[in-house]
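The structure that follows is given in the form of structure tokens.
All chains are identified by letter, namely A, B, C, D, E and F, in their written order; residue positions are counted from 1 within each chain.
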Amino acid sequence: MRPSGRKLDQMRAVSFERGFSKHAEGSCLVRFGDTHVLCTASLEERVPPWLRNGGKGWVTAEYGMLPRATGDRMRREASAGKQGGRTQEIQRLIGRSLRAVVDLEALGERQITIDCDVIQADGGTRTAGITGAWVALHDCLKWMEARSMVKVDRVLKDHVAAVSCGIFAGQSVLDLDYLEDSAAETDSNFVMTGSGGIVEIQGTAEGVPFSQEQFLELMLLARSGISGLVQMQKDTIA
Amino acid sequence: MRPSGRKLDQMRAVSFERGFSKHAEGSCLVRFGDTHVLCTASLEERVPPWLRNGGKGWVTAEYGMLPRATGDRMRREASAGKQGGRTQEIQRLIGRSLRAVVDLEALGERQITIDCDVIQADGGTRTAGITGAWVALHDCLKWMEARSMVKVDRVLKDHVAAVSCGIFAGQSVLDLDYLEDSAAETDSNFVMTGSGGIVEIQGTAEGVPFSQEQFLELMLLARSGISGLVQMQKDTIA
Amino acid sequence: MRPSGRKLDQMRAVSFERGFSKHAEGSCLVRFGDTHVLCTASLEERVPPWLRNGGKGWVTAEYGMLPRATGDRMRREASAGKQGGRTQEIQRLIGRSLRAVVDLEALGERQITIDCDVIQADGGTRTAGITGAWVALHDCLKWMEARSMVKVDRVLKDHVAAVSCGIFAGQSVLDLDYLEDSAAETDSNFVMTGSGGIVEIQGTAEGVPFSQEQFLELMLLARSGISGLVQMQKDTIA
Amino acid sequence: MRPSGRKLDQMRAVSFERGFSKHAEGSCLVRFGDTHVLCTASLEERVPPWLRNGGKGWVTAEYGMLPRATGDRMRREASAGKQGGRTQEIQRLIGRSLRAVVDLEALGERQITIDCDVIQADGGTRTAGITGAWVALHDCLKWMEARSMVKVDRVLKDHVAAVSCGIFAGQSVLDLDYLEDSAAETDSNFVMTGSGGIVEIQGTAEGVPFSQEQFLELMLLARSGISGLVQMQKDTIA
Amino acid sequence: MRPSGRKLDQMRAVSFERGFSKHAEGSCLVRFGDTHVLCTASLEERVPPWLRNGGKGWVTAEYGMLPRATGDRMRREASAGKQGGRTQEIQRLIGRSLRAVVDLEALGERQITIDCDVIQADGGTRTAGITGAWVALHDCLKWMEARSMVKVDRVLKDHVAAVSCGIFAGQSVLDLDYLEDSAAETDSNFVMTGSGGIVEIQGTAEGVPFSQEQFLELMLLARSGISGLVQMQKDTIA
Amino acid sequence: MRPSGRKLDQMRAVSFERGFSKHAEGSCLVRFGDTHVLCTASLEERVPPWLRNGGKGWVTAEYGMLPRATGDRMRREASAGKQGGRTQEIQRLIGRSLRAVVDLEALGERQITIDCDVIQADGGTRTAGITGAWVALHDCLKWMEARSMVKVDRVLKDHVAAVSCGIFAGQSVLDLDYLEDSAAETDSNFVMTGSGGIVEIQGTAEGVPFSQEQFLELMLLARSGISGLVQMQKDTIA
């Protein structure tokens, strides 16, 4: 039995609130249950130094957490003077995941920065972030299309979404919330495209190593979860 | 004529959304028009080193802005590796303003940290922050009262709220939004208590110095604006 | 009775020692009693990036305190690895105050940096700093005039000086020293021009909020104090 | 055809040089071809604050690269003033991998820090690091056993080793070197125990997403490679 | 011919202004010509962690330069966020030099921090700093003796002073000023005690290596210069 | 009697392992007994900003120590966020020493960075580093000569090598190891050229000041040690 009463293969309630931010070219508040992440896409007419004059663009991401997004207040990274290892790991993952479905040449020599800021956390902030970031990115490209800068379909090759799975109380479950995440024996994050391609896999044994069979079971759950998320993305932007 | 069409002494639409954050002991999303600040109050059973074993508590504040809260994306302070001068100035102001209405001895040897995070900015983030922070602080004390830790009325001596005023296009106006703020000749922030006492005054000439008469006119506007804000705080917590 | 025996509206002994520094284009050691601040003005033929090729110049300020300028030794900011919030607040204030009386276009595309370094502190370092910085800035412009770079009168539109006032032992007093500052109920800093315009007002209640009447009383004291400081600036540069 | 002429499932020449460092309680210079990583294990009789007085120990890792370990000189992180995101990601991975086979209670309230310093890099530094770190850790525990502090077999529950696999020129290959890594379409790191349990999986699509079949092929290669590495660890410590 | 017209073995005008700082337990403004260094000695009733409960005290030094102490304005280290290599080298030298003549056990478990802040620079700031620091340290110990905390003669075993020598325009000269220092072929700093013992020698060839004979010539000059400085210290504290 | 059984004027076993690093243009693992320093020379076709377009090149050095190069593990500087004062002092010394024998104009507008990384420490890391750095620099220039970029003999004017001497147990000894260094009354580092010119002298009294006679004795020892090191450099590159 899961603490939330969900079935083993049941996602939390997911919602996308587009245009949450007045200023950003694209934005989306994504909710996976009590995990709420604000994703904004910011367009800049410049690229990082190593790409200059190459005709290619760039998509990058930053990740942050409000200090009291969590059960206990965490130290503000701006005040600590640096981003922690976990933050850097997550923002690198989000950036890679999005770039996997973007044609950087079709984007042109511009940079889109996706900020994923966790307003409230209850497990799965990175997977919610990736899933919402795709919507913000899409809307940013729509904004650009309206100004004849790009064709959305040429730049955005596919959907991308993510979900976590894990072994909780001996059973494989989909979309871990914080209570499950804290107690899980194994925690895996999967990032996949709308057409089912795998973009990223991160599997970690917390305590006991896991077997290949267990891992395949988790991947099966993830595939079904991501398939649902992609459908919701489609409904959202329709 | 103000860009927003407001009258000279008219505030923007103000609202308080209590309990916005699931985890914090007290929280409030305050909106002054398009300026949205999430204020959370976090209780800790420890005080800064210089207060230890003195029986007194502490109230402090931190301030942050999401990178794309503004029209152009600003660099994330956590990634820049330090909080800028403006951020530090504002968080010190918020902390002082709240402490002016708190009896630190009645609070007991505990610390309450108020985080004011700007989700969307359109001028007046510090004044909205102070006004919303009071609600978050109040609700945190209510939470403590429910656990017999304090009496709210003994700790919280008065309301505190804040508003900005300035001289825009030659006329004194209340509650500057971003368009007005950018063009204002003079920009003043006032922090006052529910009983009309002054807690903080910050007046700055942008360009042309101002006269004492002009300053008194701004203070008059501020007094009326703050009086309305305090009434809304009362309605909110009623 | 004030600890120093001064009358309520009496400034400390004030002096300006021009040309204190051999290397700087302009310099002044200003003394407000036992508060000694060395102000140097440094000319550079470049402006910050955001002003480049705009034909306008810039005046900025930095503030520092020798570690043992104070009663107890304070940690050296260079060794701590960052400037504290108070330092940043003060140096921003000094810069704004000076720019209020400078015609940046007449200055031309150059930057003047005013360094205010506190050699010895006894309260009022920021107000002494602003008052002395004006003299250093004036002398720097004189140095430039001697080289036909600018006309002093075209660049420097007015005097600017500053003083603190506060409510000490229930009475409004002018130019707080450290003993008074530590015990004051209210502490206000006023920055005004030679022609009486207000450039900056910072009023803070330490503990008990103050009334509008009290504030006006402080402003009256400040006006008289600043008027005297401006006269001394005039005598100094004559 | 692989640039090195290796077969698809062929590892580079692997060697372990135990006791490379005179001072460390355990040390090992591990070589995967031209990738050389010095792993040292340092014992300290204290644990991180959050473990104090709990009777459990801790194993952690740090990772670094000499500036000219690579083809182009990289900036020294000590001089840059911070560890990059990649460094933090890798050292967190190494630490987690080792802890998966350590009984922290049997270790007792002590910390072992594994430093993995890359003397020369040619791809696969993190997998070589994990594999060599296990040997250094083992030898540190032997050192402790000789002083009757622990029983090696009680603390070290299993072997752990790691290898990277990827899709290079359309084919799945084992143990990527730098040339392959730079051109690979998919890059995966696998960490497994001596008994075949999976500790960590990191799979990343560089460019084109990959399929589940491809991933299983990579995992099969990894399993065979790690099995060989574990055998070599056994031979080394025999 | 030296730029200043001094003879080869002639020091600049040297002076000590004791009690320059109102707050410090000991202080001295030392002048070597146009090089002015403010030295303050601050007593604290605590020692660094590695000395705790050992009955021994500590003497340490910090060094700083006002940004416009030099011909061109230098970046403020507090704003740069760190102390440069030169600063650290000098403050370590000053600390070692003073400790060479202090009996740390007779001092007792206390720390004296000497701050050497360069108000104006014209070459030889480190040697002036050491020479003035001794006076500040002496006066701090006098202050302590007056409070029956120590006996000056038991703690301070000897004088210590320093001077630079170099080969300028082919000739060995004493006490280099900035013009000479910039053009010198060899620059050496000598720190010696009142009884002629050598505490520190730093000799550096700028360009052409120097011979042993040249070095001995510089040491001879230094010995005579330091002997004069020690006599002046004696006169000053008499 | 020395702890190692060496004679007073006997160096430790010294060896140079050229080409230790596959990637660097020049590299050398130098061993002074148990002190092992990896020196790599990296060529870049750019110079620091202050040398641009001047036709001159630059040689600089960086120094680091692996955390467990020493008896107790030292904190990794990259993780501490800055290089300590000792590190900066040493890398400045190494850079100056090498530049003393390089014709920067003959090098052309390029930079060579020498990294000296201590793999294992047993005293004398800076002197071993300088001595090995010369070999790495030489081999880098050879690499350049093979590509017709420079003539080695035009750029490299002489050998440079270094050794430490000190007074241990009352006697002057050559090439201190860690045990001697920790107990030495005086510690001096000498850097000299192949033709006997002095490049750097650093002498420090640890505790008791030393006399001129003692210092000359140390210099004599150093001269003989360095003469042997230069011969070994010659044999190595022959």
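In this text, a contact is a pair of C-beta atoms (placed from the backbone, for glycine too) under 8 Å apart; a residue touches a chain by one contact, two chains touch by 3 or more.
Not measured: the values here are computed from a predicted model.
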| item | value |
| --- | --- |
| Touching both chain A and chain F (chains) | D |
| From chain C, the most remote chain by mean C-alpha position | D |
| Listed chain pair B-C, A-D or C-E that repeats interface A-B [over half of contact pairs the same by residue number] | C-E |
| For chain C placed onto chain D, the superposition rotation in degrees, Cα atoms, nearest 5 | 180 |
| Taking each chain's C-alpha mean as its centre, the one farthest from chain B | F |
| Geometric centre distance via CA averages, chain F-chain E, whole Å | 28 |
| Inter-centroid spacing, chain D versus chain B (mean Cα positions, whole Å) | 50 |
| Chain centre separation in whole Å, for chain F relative to chain B (CA means) | 59 |
| Shared-contact residues (touching 2 or more other chains) in chain A | 81-82 |
| Circular arrangement of chains, read from chain B onward through chain C | B, C, E, F, D, A |
| Residues of chain F defined as touching chain D within the complex | 21-24, 27, 34, 38, 40, 42, 44, 62, 64, 66-71, 73, 76-83, 87, 113, 115, 117, 119-120, 122 |
| Residue ranges of chain D in contact with chain A within the complex | 82, 84-86, 88-89, 91-92, 96, 100, 188, 192-193, 195-205, 207-212, 215, 219 |
